[in-house]
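Quick one: structure below, then a few questions.
Naming follows writing order (A, B, C and D), and every chain is counted from residue 1.
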């Protein structure tokens, strides 16, 4: 078995299993902690608030956006870029078809995918550099933030190194980091990719009940 | 480990931790797991903005509770513990160091939630975390004293029923309207904050005028007249419940249909939203905020303004009533009825700055300096409005804090309660 | 409070500053060219690689067979048709790159021979790669020597403990953003230029092929981001980087190594030189890089060739200066790194290295506004 | 050992493109790539000339000199070959080559040229002679089979000559002598400097 076969075979299946079970466990684990039912007389709908808040917090309020526009720019270019290249890069579509879903969808042309990758890289570097330079982010960051950022950066970087799509070793390296990243994911702050729904939703529900969505 | 000296300190920290964990509900857990440490909340916090000190980043203030959650309660933490990847045990010393961040530098105003991309309700989590600090008895002395006063006398400022009666009588004389105390079967029960009773008793007269005009059957109780709830501020479930229970018992004893929450921010939150959860059941009566009632009366036409205020004025939004209580439109509609020159400050409405005195900070002398610097943000908002003369706010605590702050700045600006302003314009006398 | 709001003044391009800047750049480049003429041989022209003018041999071989040439036509085909004589000028034009047509599918222009590639190869392999390599080794060596002789430049009067703000958060973020990209790009670029000579003997062709493939792909991906970084940096750091007379004095005093203390404003001559050096080379790198990434932007092959040379040359010059910049920003001088990490520097550092800036800073602070003192970094938890 | 060379007799080439087609067919060159091309100068005017041109397998090959990964090598026969496994598609060989021989399968955006492909003198690549892999990557290895490049073999007018440089030179010399004129061995001065050409 070559190294590539290992990281795309057994290692990949172990990683994706840990990822899936871990994410579900943690996500459901949070819900299972439970919360008190609000007994005060409602002034609005909690469930509507749950949904509204999820969408409301995608857009920053103008008064705060003015202060943190660089952050918002970096955040959005990173996340949008990452989603585009994760789901619409030709090699990823092929991989998803072969290893996960069994079906694929039209992929982006190479140049569009590279532009998305550049946006993602620019955003990630910007956010990380800011994490180091900004006294506030420095104060509240812990090792998990840096490990998560660096791992994600390495996954993206090795993916970018393998862009010629002809060198097996580079593809294997990319897959290796993908596997590490997947295993690390459920134990780390990367979980925010899923928990943001709960976080925004619970606040939305609490205040939706009071007739306002913060 | 359990030597004689370290044992009691350890238990204090343990008690705090167990409270932290008890109050870590699904929502809190989701908040802790979703936070990406982006620091946006700092940009919303007047304590950070006025000091530029990163330790006042709102989410940072939750550190002890976050550590307890990550060590003991977070899903998958048992696996992380195997690799030594969970935070250290919390010590009492750490909690003591954190006490100023928890009690002095947070008004529980909730502005940070609006800036948070994850929508984390930091303010309410602070409220929960204070439970742990109460359990470990690491609480600012002033708040402890207020709590003691409230439990013993019914008022954090030790305002006795006799004092209330005296103030009511004085107001009766002033406005010429009789106020019946402890009236059974009245429709509305008015409760007040000590601040109003002692500092702004004219509020009582104003209410009497308004209710007479609108033809409302109301009363004040001599047993449960205090609306404020120090338990909410200090973070003590038991105290908060006891204080809410008093009002509920008296309201149900008198058989009123409504309890009117006065112009006080956290009192509204305590009785309206947290009360039923504290006592574990819903009420036989409805809680209505005075602004809600006034708005209702004016829209129904039962209350008509006969004059308008000509001064340039603005509205300060009390956090617990507006941002976290949902009463955004009501005070504005009322003000537009009564003012010719009503101008909104920057960020008015749910993104308005707190006065800096909420969440027990104004009662906490240790926090005075910090509170004064946080007021800079508020002052800036006032300064940005050209020719501002009057600030209207439907919260007695905000009013005191603003008046103190303005005095500190030698500002000629005046502050007035909303219902008081309305009462002035029920007749044709122009102020 | 002084650094609370981002001033728009920083963004506006003051024409005075710009002209100062450009004048300074010309001075700087002139100095560089003079230096270059000493180092590089004067006959750097590539004519020597061209084949001699008589390269196309059209004479009879010396020992040709004795069979008689067909005299009947005398070398001329009746009717003056194609191919009746050799046309020297015609073939010379082909050699000089005459464009013909190609009739596959549809006719499109195509040269038979292009000689520029030869010049390109010569300049790249003999000048850029060779002297560029020596340049980097030389600069590193000089700095190492300097470190051994002079050692770390300490704050003479020690740390005062009080700090003053030097770089805003925006400046710091832009700086490190550019720095990250610069490092990624220089590593991958140097691998592509020198890797063949350095790594193939060490790790073999196959392994190096992997490294090179990775380098090229990442270089191409990160390159365009560097353009954005360079432009942002220009606007964010422009203010205060115009050359002034005091900079000439600073340069003549060698930054204070001879002739006593050298005064400087917010940025000294070295920093200003680095700023313009990085901006001008950065723009050169950006434009040439764009041509190399999107050759279809320009019609002929000539542009990518020039771009390739400019790219390599500019990159090496920039890296050489960057080595010095990194040295003085980290190990070379006490107290300079924190300006770019925390955003504030020690007062004594400012007094010793940027006295005029320090004075201005204190002058601005009148009675009403005490000098802005940045919060000393609070470390807690 | 023989030194393999190409020579195109401009007096004979009739621009039939048979060499292009033969090469493409024999080597199964991918779509969009022509290893050999025929260029006509002064097309349609008196004195037009056509030349069939591909990699000339230079003695001091510029592509070899500039390749950043050193993927080129020259066989004992003087044939310049390259390894597609090492090639990173940077395009430097294309910049340096005087004859425009290196070809790339893709349009170039963000360095996506793909692996370089060029005339191999029908001599394959570094893989085992006449193996399937070799054929798939580089085309037919006719030299290993004892045959010469098909483009030259197929040339109807025998304008394109390929083979041992001395033989090619002799043949051409004979032609020049018998014709009384010639264009010179086109491209030889550049490709094989320092050697006597036709």
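Note that a contact is a pair of C-beta atoms (placed from the backbone, for glycine too) under 8 Å apart; a residue touches a chain by one contact, two chains touch by 3 or more.
Please read these numbers as outputs of a predicted model, since none were measured by experiment.
Taking each chain's centre as the mean of its CA atoms, D is the chain most distant from chain B.
Among the pairs A-D and A-C, the greater number of C-beta contacts is found at A-C.
Separation between the centroids of chain B and chain D, computed from CA atoms only, is 86 Å.
Once the centre of each chain is set as its mean CA position, chain B and chain C turn out to be 61 Å apart. Taking each chain's centre as the mean of its C-alpha atoms, chain A lies 52 Å from chain D. Per-chain CA centroids place chain A at a distance of 37 Å from chain C. Residues of chain C in contact with two or more other chains: 209, 213, 216-217, 220-221, 375, 378, 380-381. Within chain A, contacts with two or more other chains are made by residues 114, 134-135, 139, 163-164, 166.
Within chain B, the positions touching two or more other chains are listed as 52, 54-55, 60. By the touch rule above, chain A contacts chain D in their complex via residues 110-111, 114, 163-164, 166.
Contact residues on chain A toward chain C in their complex (touch as defined above): 70, 114, 117-118, 121-122, 125-126, 129-130, 132-135, 139, 157, 160-164, 166-167, 169-170. Within the complex, the chain A residues that touch chain B are 22, 25-26, 28-36, 38-41, 43-44, 53, 56-57, 60-61, 63-64, 67-68, 71, 75, 131, 134-142, 145, 186-187, 189, 191-192, 195-196, 198-204, 206-207, 210-212, 214. Within the complex formed with chain A, the residues of chain B that make contact are 24-27, 29-31, 33-40, 42-44, 48, 52, 54-55, 57, 59-60, 73-76, 79-80, 85, 110, 113-121, 124, 272-277, 280-283, 286-287, 323-326, 328, 346-347, 350-351.
By the touch criterion stated above, chain D contacts chain C in their complex at residues 11, 15, 17, 20, 34, 37-43, 46-49, 51, 53, 62, 65-71, 83, 85-92, 95-100, 107-111, 173-174, 176-178, 180-187, 189-190, 193, 196-198.
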